[in-house]
Every structure is written in C-alpha cells, then in structure tokens.
Amino acid sequence: MSISAFDALIAADQKIENKDWMPDGYRESLIRQIAQHAHSEIMGMQPEAAWISRAPSLARKAVLIAKVQDEAGHGLYLYAVAETLGARREDLLDALHEGRQKYLSFINYPTLTWADVGALAWLTDGAAVVNQVSLCRTSYGPYGRALVRICREESFHHRQGFDLLHTLSRGTPAQRRSLQEAVDRWWQPALAMFGPPDSRSTHSASSMAWRIKRAGNDELRQRFVDLCVPQAEALGVRLPDPALRWNPERGHHDFTPPDYDELMRVVAGHGPRNRQRLAHRRRAHEEGAWVREAAAVHAAKQAAKQAA
Amino acid sequence: MTGLPEYLLGLGDDALVAAQRTAEWCAKAPQLEEEVALANLALDQLGQARAFLTYAGELEGEGRDEDALAFLRDEHEFRNVQLVELPNGDFAVTVAKTLFLAAYQNLLYTRLARAAEPRLAGIAAKAAKESAFHVSYASLWTVRLGDGTPLSHRRMRDAVEEVWPYTHELFEPWAPPEAGLDPAALRGPWLEVVGRALGEATLTRPQDGWAATGGRSGRHTEWFGLLLADMQSVHRAHVGARW
Amino acid sequence: MTGLPEYLLGLGDDALVAAQRTAEWCAKAPQLEEEVALANLALDQLGQARAFLTYAGELEGEGRDEDALAFLRDEHEFRNVQLVELPNGDFAVTVAKTLFLAAYQNLLYTRLARAAEPRLAGIAAKAAKESAFHVSYASLWTVRLGDGTPLSHRRMRDAVEEVWPYTHELFEPWAPPEAGLDPAALRGPWLEVVGRALGEATLTRPQDGWAATGGRSGRHTEWFGLLLADMQSVHRAHVGARW
Amino acid sequence: MSISAFDALIAADQKIENKDWMPDGYRESLIRQIAQHAHSEIMGMQPEAAWISRAPSLARKAVLIAKVQDEAGHGLYLYAVAETLGARREDLLDALHEGRQKYLSFINYPTLTWADVGALAWLTDGAAVVNQVSLCRTSYGPYGRALVRICREESFHHRQGFDLLHTLSRGTPAQRRSLQEAVDRWWQPALAMFGPPDSRSTHSASSMAWRIKRAGNDELRQRFVDLCVPQAEALGVRLPDPALRWNPERGHHDFTPPDYDELMRVVAGHGPRNRQRLAHRRRAHEEGAWVREAAAVHAAKQAAKQAA
C-alpha cells in the first residue's frame, strides 16, 4: 500500500487497518488522540472513586464501582489500540505522568457532594457519548471498533447518572439543593469538553481531512446542548446560563459558549485539581512498581523453567 | 446459639466489609488489569452482602432492608470477623487477606449450597462460583509475589504473618442448624488450599499464636469505627432520604 | 455582608479544622521535638476555636455551644477557608500550610486585638501571641527544609507550590464592621512575612494562578467531608449524650 | 570515686550523679530500665492518638492532645536521662525498632471505643503512678528528678481518665455499657504492668540491692488493687475478678493475679497489636528520616557560615 492507496481508502470512507501503510502525521495524530482518550478514562476514575466508600445506598455503590471499573477497562482497551500503532502503554503512561500528554480538563474539577457524582455522569458522560458516537465512524478501524463498545457503556453511565439525579430531584430539600448546585458546577466543564471553537482548534482541520474526526467541535457542542435541555426539564433543574433559549430560526438552542480562557488555563495545568489528580496517579503508579516488577520476574522464572 | 438471621448478618457483614476494603483500591491499583480484577472482587462481595442482608432483614421481620442494615447499625451490631476490617496495607497484605477469606468462603459457600433451606442454598451456590475465582486470583498473586523479587518475597511473607492471627476466627463454632455444617471442620480443607498457594510461593505457613476473636459478638478492631464512619456518613447525614 | 456571628464562625472554623489536621501528626511526627511542638500548635488552634465558637453561639442566641457547632453542623454550614482542609501530605506540606495560615492569623489577630468589641479583642490578643510562635516555628522549618538537602529543598518547593493557590481565599472581602479591618489589606504585610521565610529558604514565591474560593460560603474541598465524618462520628452516634 | 564510695552512697540512701563512678552492671540496669520507660511513653501515644480525631467534645479533645503531648515530653526527658549515662537516643530507638528493647505490654492491646481511652488512662496511668511514686526515690539522681515531674503529670492523666469515665457512668445506657466493657478489657493489662511476681522476676533482686527499684512487684500490685476498689465503686463499675474481696486479716484486698503466661506471650511479641504498634512506630521514624537529615544538614551549613 502507498500514499495514493491510503488517500483512496480515506476518500472512499473505508477503514485503515494497523497493517496498512499510513502517513506519519496520521499515525501521530491518532496516537495523540487515542492516548489522550485513554488517559482521560483512567484519570477520570479519581473524582468518582473518591465517593465509592460513602455511596449512600448499596445499589448505588455497586453501580459506581462498576462505572469506575468500566473506565479502567476502557483505558486498557484504548492503550491496546494505541499499541496497534506502535506505541507502548508504558511510554504513554510516562508521557501522562510527566505532563507531556493531556487528559480531558473536566477531570481537574472536584466532586464536592454525592450529587456531583450524578451530575458528572449525566453531563460529562453525556458529552462523551455525543463526541464518541461521531468518532465511531473514524477512519482508523481498530479505534472505531473500540469506540462502539465504549459508547455503549458510556451511554449506560450517562443514564445511571441521570437516574441518580432523578432520585435526588424527588428527594428532600437538601437533596434538591445539592442537585442544583452540582449541575451549576458541572455545566461549564461539560460544555468545555468539546474543545475550543473550530476557528481556534489547532488539530481539528487535519483530523477532519483524515476523517479521524467526523464532526466539528461547535456542531457537537450544539448537539449536546439541544439534548440536555429537555433532560434538565425532566430533572427540574435550571441550567446555569441566562442566555439559554430555543431559537426557532436556527432550530437549535442559543447558549453562552464556555470560557475558553479558563479551559486553556486548566488544560495548561492551572485548574482546581490538576496537581492532586496527577500526583495521585503518579503515586499509585510508583507504589505499584514493585508489584509489576515481581510479576515480570516471576513470569521470566516460569518461562525459564518451561524452556529448561 | 446463633440463629439463622444472625448468621446471615455475619455472612453479609463479612462480604460487605470485604467489599468496602477491596473497593478502596479503585484508582490506586498497581496496574489497570488489577483495577479491573479488584473491582470485580468488590462487586462480587457487595452482591453477596446485599443478598444475605436482604434475606436477614426479611427473616428478622422488622422492616429493615439492606440499606438500613448497612448504614444504620452501630459498630457493636456488626457480626463480621475482624479479618475483613484490617487495613489494606500494601498489595501483598490485600492479597493475603483475599486469599484467606476467599478460601474460607469458597469452602463454606460450597457446603451451604447443599443446605436444606433453599434460599440460603441458592445465594451460596452463586457465591461459591464467584469465590472460586477469588481463590485463583489471590493464589496467583501470592505465588507471583512470593516467588518474584526478593522485595516482593519479603513483603508477601510479612503480609501472611501479619494477617494469619485473624484467620482463626473464621472457624469458630458459629453456625445455626440450618447451615448444616461445623465451621471448625472447614479448617483442614482450608489449610490445604492456603498451604498449596503458600508452598508454590516458596512461603511457609506461620506458627499459630495469638488469635483474634470477638467479631461475631460485635467486638471489632480499632480500624472498624473509622471504616463505618466513612461508609455511613452520607446516608446518616440525611435522615429518611431515599437514594 | 458578613455579620459578626458568621465571622466568628469563620475564625473558629479555620482554627478548628487546622487543629484537627495538625493533631493528625500525633504519634507520627518526624521526631519527638516535633511531637511536642505540633501538639502545641494543635492545642493553641483548638483553644482559639473554642473561644470563637462559644462566642458565636452566644451571639446567635439559639443555645448552640461549642460542641453543637463543631459536631452537629453539616459540611456546607462550615465557614473555614479551604486551606485548612488540605491533607497534611508530607511534613513539608504541613510546614507550608502552617506558615501561610499562621502568618495570616498573626496579622489578623494583632489587628482584631484593637477591635472596639472588647470580647473579640480579648480573644484575639491571646491568639496573636500564640500565632506569633506558630509563625516562627513554621518559618524555621521552611528554612531548614528549603536550605537543607536537595531532597528536602525539592519537597519544600513542591509544598509551597501546592498550597499557594489556597492562600488567596484568606484575603477575600469578608469581615463585618466590628472587625474594623479590610482583609485585602493584610496581603501586603503577609507577603512580606512569607517572602522573608521563603527567601531565607532559598525558595521563590510561586506565580499567582488558579485561586481556591468558596470556603467562606460553605463550599469545601473533596477532603472535607471525610474529615467531618471522622471528627463527628462518635458525637453523632450518641444523640443527646454528654461527654 | 570508687566502688567503696559508690557502695557507701547507696547504703546511706544518697543519690548517684552522672559524673560519679558506678559499676557497669548498675549503669546497664539503669539504661535498660530508663530506655524501657522512655519507649513505653512514646509507644503509649499510639492507642490514644487514634482517638484524638474522634473525641466527642472539644474539651476532651484538648485534654487528649495534651496527654499525648505529655507522653512525648516524658519520652524526650527520659532519653535525655539515659544520655547522661552515655547512651544515645538514636541507638535506643534502633533497639526499640529492632525489638531488642521492650516497652510495657498493655500498649499492645487495642483501644476499641471512646470508653477505652478513659479506662486506659484511669487504670494504666494509675498503675504507672503507683510504680513511679516508688521509683522517685531511686538511687540515680537524674532519673529520680525526672520521675518527680513525670509522676505529677501521670497522676493528672489518671484523674482525667477517671473524670471521663465518671461522665460516662452518669450517661446513656450505651455509654454505661461501653464503660463496663472497657474496664473489663483493661483490668488485666493494668495488673500485669507490675511485672511478674517477685519470685519470677529476672531483674528485681539486683535492682532492689542497688536501690534502682524501691519496692517489689507484688507489693506495688497490691497497693494498686487497694486503690482501685473504692474508685470502681464511685464509678459504679464491676472490676472483672470474682475473687476480689476485702481481707480484714491482711488489711488488703484479695484478688486473682494476672495471667503471667499471657503477659510473657505479649512481651515476647504475640499480643493483639504488637506488630501494628511497632510497624506504626517504624514507619513514622522512616518517613521522618529526610526531615531529620535536612535539619542536620542545615545546622551544619549554619555552623560553617558562622565559622567562616
């Protein structure tokens, strides 16, 4: 295969597979994007894991453990996809730990109450689904297939988050207040998940041309807002945007775009929890080093025995 | 003598507290494969806890569901063994705790699956399958760590010695007629299962010495109060709320 | 605008939560001299907390004493800055937290000691002396660690950077007329005190960037719920008991 | 000074000071005893420190912090006394951490409830006071003077423990039950603090001859039991010994002696909390190493500057 064969496949909306020839830029873009996705899955475990011990019912505790487990599974799956492109999980983790690769910025916000666990799932998993449904048609075959499975689970998480909030919405005054406060906190970080406007996005154009991405940031963000409005009504919560209203001419809701300067600051490391999230991740990795080493040494011993 | 409802509480509390501890590993495990596996263990334990507690609450007949039992009992009303309360320590301590508990639970559940009481037998049959996986998982890691590096060998050995005094309580005479078994009779087969893993891990079985006791009658370790304070905090801060 | 009772709650909660964190070092400090010194700090903070909370409760006039305020309020009713909630981390993080808080408290208390309200002035006068000692203690250790080994230098530098974003909240406009001061005006002198210690410690003052906020209106960090769950657990488990 | 001068001082009930000549055996016995006392103070902080965060009133929290602080202070003071005999704190701590030197066995029992905090103070500090009041007249001057101060603080702790329990004794049924249970747990460990019976004590005879110790284990234990009985009555608790009764002929209470086999097992390391207490102590020491090192390096830098 050659560059013209590659271009032909892309133009015909066919999938690129890992054995196929691909331009270096395509490979690098994919690795960057898949690694960031994988990092977001495993970093995203933290704000939720912090509430497992205190989950106020056993049923919710089980759901929350399962969700955090799914995120670990997605991480595993996505690192494996990156490995089909020649990257190694270990190196990608190093890049994460050293701050050379990023993860989604919403993870750097705190989950202050039990309601935040629900709001985070409803809004950020909701945004992730909108993003990823579009990505399922990405031109790289292994990534697209991984996304199909991930999307299914994410949309389950999204529904569970909604369900958690729905119970609070019919609960005590304190529960209802915490619901509104949590939604107030998570609306902006969720909107910001779609990244800067297309006009300011550094990677969007080439990713669109290669059909790694299939839709622009602005289009996806609009889709997300339009989906959230009726759900917020069902929950009886107010989305914290005075400019939010239906625009019959556009057939969409008008809304205030997220604060991109804040997004850029948080991505650059200056959010409420950047330091702690990364420090937590590094500590877990360092404290696990002797365990991973023991497993490797043991496996080598077993292999030597079998060879002998 | 222990009645069936109290026995079910004990089984449920063992599983509940074990789940609580295991889930503390979430987002802290040594690698992603262990994140997935430990979450599995925690979910299995939690599922068993819910089944046993629900059943206990119904037999008791005072309208307490699984959440009332988990979140609204005080420390001295819990009936779990002290083994499951021990802090997770390093990964080796968690592996040792898991091995010892799972080997016991697997033997116990397998026998309870033949109990005359059909509901008890049903819960136990499902749990027996789950705990069989827990035994293999913990055995595998016992061997990897024990027969890994010098450091991991030392840590695994220390962990086994640290947890060993808490294993005796598992075999105390504490089972109602409905269970149809004598817990003490499980210790022989348990020593075999555990001894096999330890042997393969190049570790020796610790001497029996001081033995923890008291959990079944509500006397718990210094750590248990903190575990409950954390676990029950949100539930108790909102009296009468639904979740 | 903040009323005097709420302001007193804020002062009391700052001191109470700081005492709670500092006392976590008991039986864990790097050496015996620090066991004694950190316990002193915790006792001073706790004494200040009790004085402010008792006063706040009396002004409020609803019969809440220091214990009702400490043990029976929920998270969102606490008025402390987020700085004092931060986990202790290693000793360097504790030193940084202590330096930043004590330097602020010392400036604040010194001014409040001249307040027209005599009871407020009296509590503040005593507390000002105590916090002066806290400033020297924390400065001394900032210098020892900053100008010690390469490892301690790195840890002290990281600690200062980690805690810095939580210092801005100390100077938010949040003082009633009775206090007779503008918190923002304390930042200049505070930067001098802190800057002196950092300079001697061969450390530089971090850039101002993201700034924590919300504590004064009841929005706290992820860690605070756990701190309260622990602190209030025994008191809350025995409704209406005397201790 | 010489051996005859030393013997004359002992015979005349005078104090030996650190500059005085003393037999090696005397010095070693003293170091062993003082180190064990110091170790007991710092190890004894643990079972109480565990309850500081949860103390159910702010006043009790302050009292408890102050008590644990006093124990650290006693430790400091006693290691300094041992240093007058040529020992180094660092070496003594190593001996503790490596299990070559012991500490009092009661510390290896758990404090399971808030009532245990009170029972531990009432009974074990009470026993310590009985022991140490007698030791204040020890022949080694610096140790005797340290003990005078320590005794004053210990008897304060003893009274505070009693006061804590007295409040529980007038409290709710749950509080009264926890009081009785805690006393049931701590009676035996407190009795065992006086050591084995004189007939079985390995060090007692020489220590008595040198007037390091001034009273036998059995005599002190009897004094303690006689003191406790009326206090237990005031608390309305039952001391857990069916044989406990007033013996008008002896003018003392008869009682069941503690289980020396258990005492010996616990001293040998097989008590409920030996492993954890020592591991906790070692971990704190190891985690503090970089701090102590930084302070030493900084002090050396300062000294070098001043010398230049």
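By letter and in written order, the chains are A, B, C and D; residue numbering begins at 1 in each of them.
Convention: a residue touches a chain if its C-beta (ideal position, glycine included) is under 8 Å from a C-beta of that chain, and two chains touch if they have at least 3 such contacts.
Owing to the predicted nature of the structure, the values given are computational and were not obtained by experimental measurement.
A.B. asks: Would you pick out the chains that touch chain A and also touch chain C?
C.D. replies: Common contact partners of chain A and chain C, which must touch each of the two, are B.
A.B. asks: Greatest Cα-centroid separation from chain C: which chain?
C.D. replies: Taking each chain's C-alpha mean as its centre, the farthest from chain C is B.
A.B. asks: What is the distance, in whole Å, between the centres of chain A and chain B, each centre taken as the mean of its C-alpha atoms?
C.D. replies: 34
A.B. asks: In angstrom, rounded to a whole number, how far apart do the mean CA points of chain B and chain C lie?
C.D. replies: It comes to 41 Å between the two C-alpha centres.
A.B. asks: Distance between chain A and chain D based on Cα centroids, please, to the nearest Å.
C.D. replies: Roughly 57 Å separates the two chain centres.
A.B. asks: Could you list the positions in chain D whose residues touch two or more of the other chains?
C.D. replies: 54 - these are the residues of chain D that touch more than one other chain.
A.B. asks: Multi-chain contacts in chain B: which residues touch at least two other chains?
C.D. replies: Correct list: 225-226, 229-230, 233-234.
A.B. asks: Would you identify the shape of the chain contact graph, picking one of line, ring, star, complete or other?
C.D. replies: Drawn as a graph, the chains match no named shape, so other.
A.B. asks: Which of the chains touch, listed as pairs?
C.D. replies: Pairs satisfying the touch definition: A-B, A-C, B-C, B-D, C-D.
A.B. asks: Quick check: in the complex, which residue numbers of chain C touch chain D?
C.D. replies: Within the complex, chain C touches chain D at residues 16, 20, 23-24, 26-36, 39-40, 42-43, 46-47, 49-50, 53, 66-67, 70-71, 90-91, 143-145, 147-149, 151-152, 155, 230-231, 233-235, 238, 240-243.
A.B. asks: Write out the stretch or stretches of chain A touching chain B in their complex.
C.D. replies: 42, 45-46, 49, 52-62, 65-66, 68-69, 72-73, 75-76, 79, 114, 167, 170-172, 174-175, 280, 284, 287-295, 297-299, 301
A.B. asks: Quick check on the complex: what are the chain B residues that touch chain C?
C.D. replies: Chain B residues touching chain C: 74, 225-226, 228-230, 233-234, 236-237.
A.B. asks: Can you name the residues of chain A that touch chain C in the complex?
C.D. replies: 47, 50, 54, 110-113, 265-266, 270-273, 275
A.B. asks: Taking the touch rule as given, give the residues of chain B at its contact with chain D in the complex, in rising order.
C.D. replies: Within the complex, chain B contacts chain D at residues 75, 161-162, 209-210, 212, 219-222, 225-226, 229.
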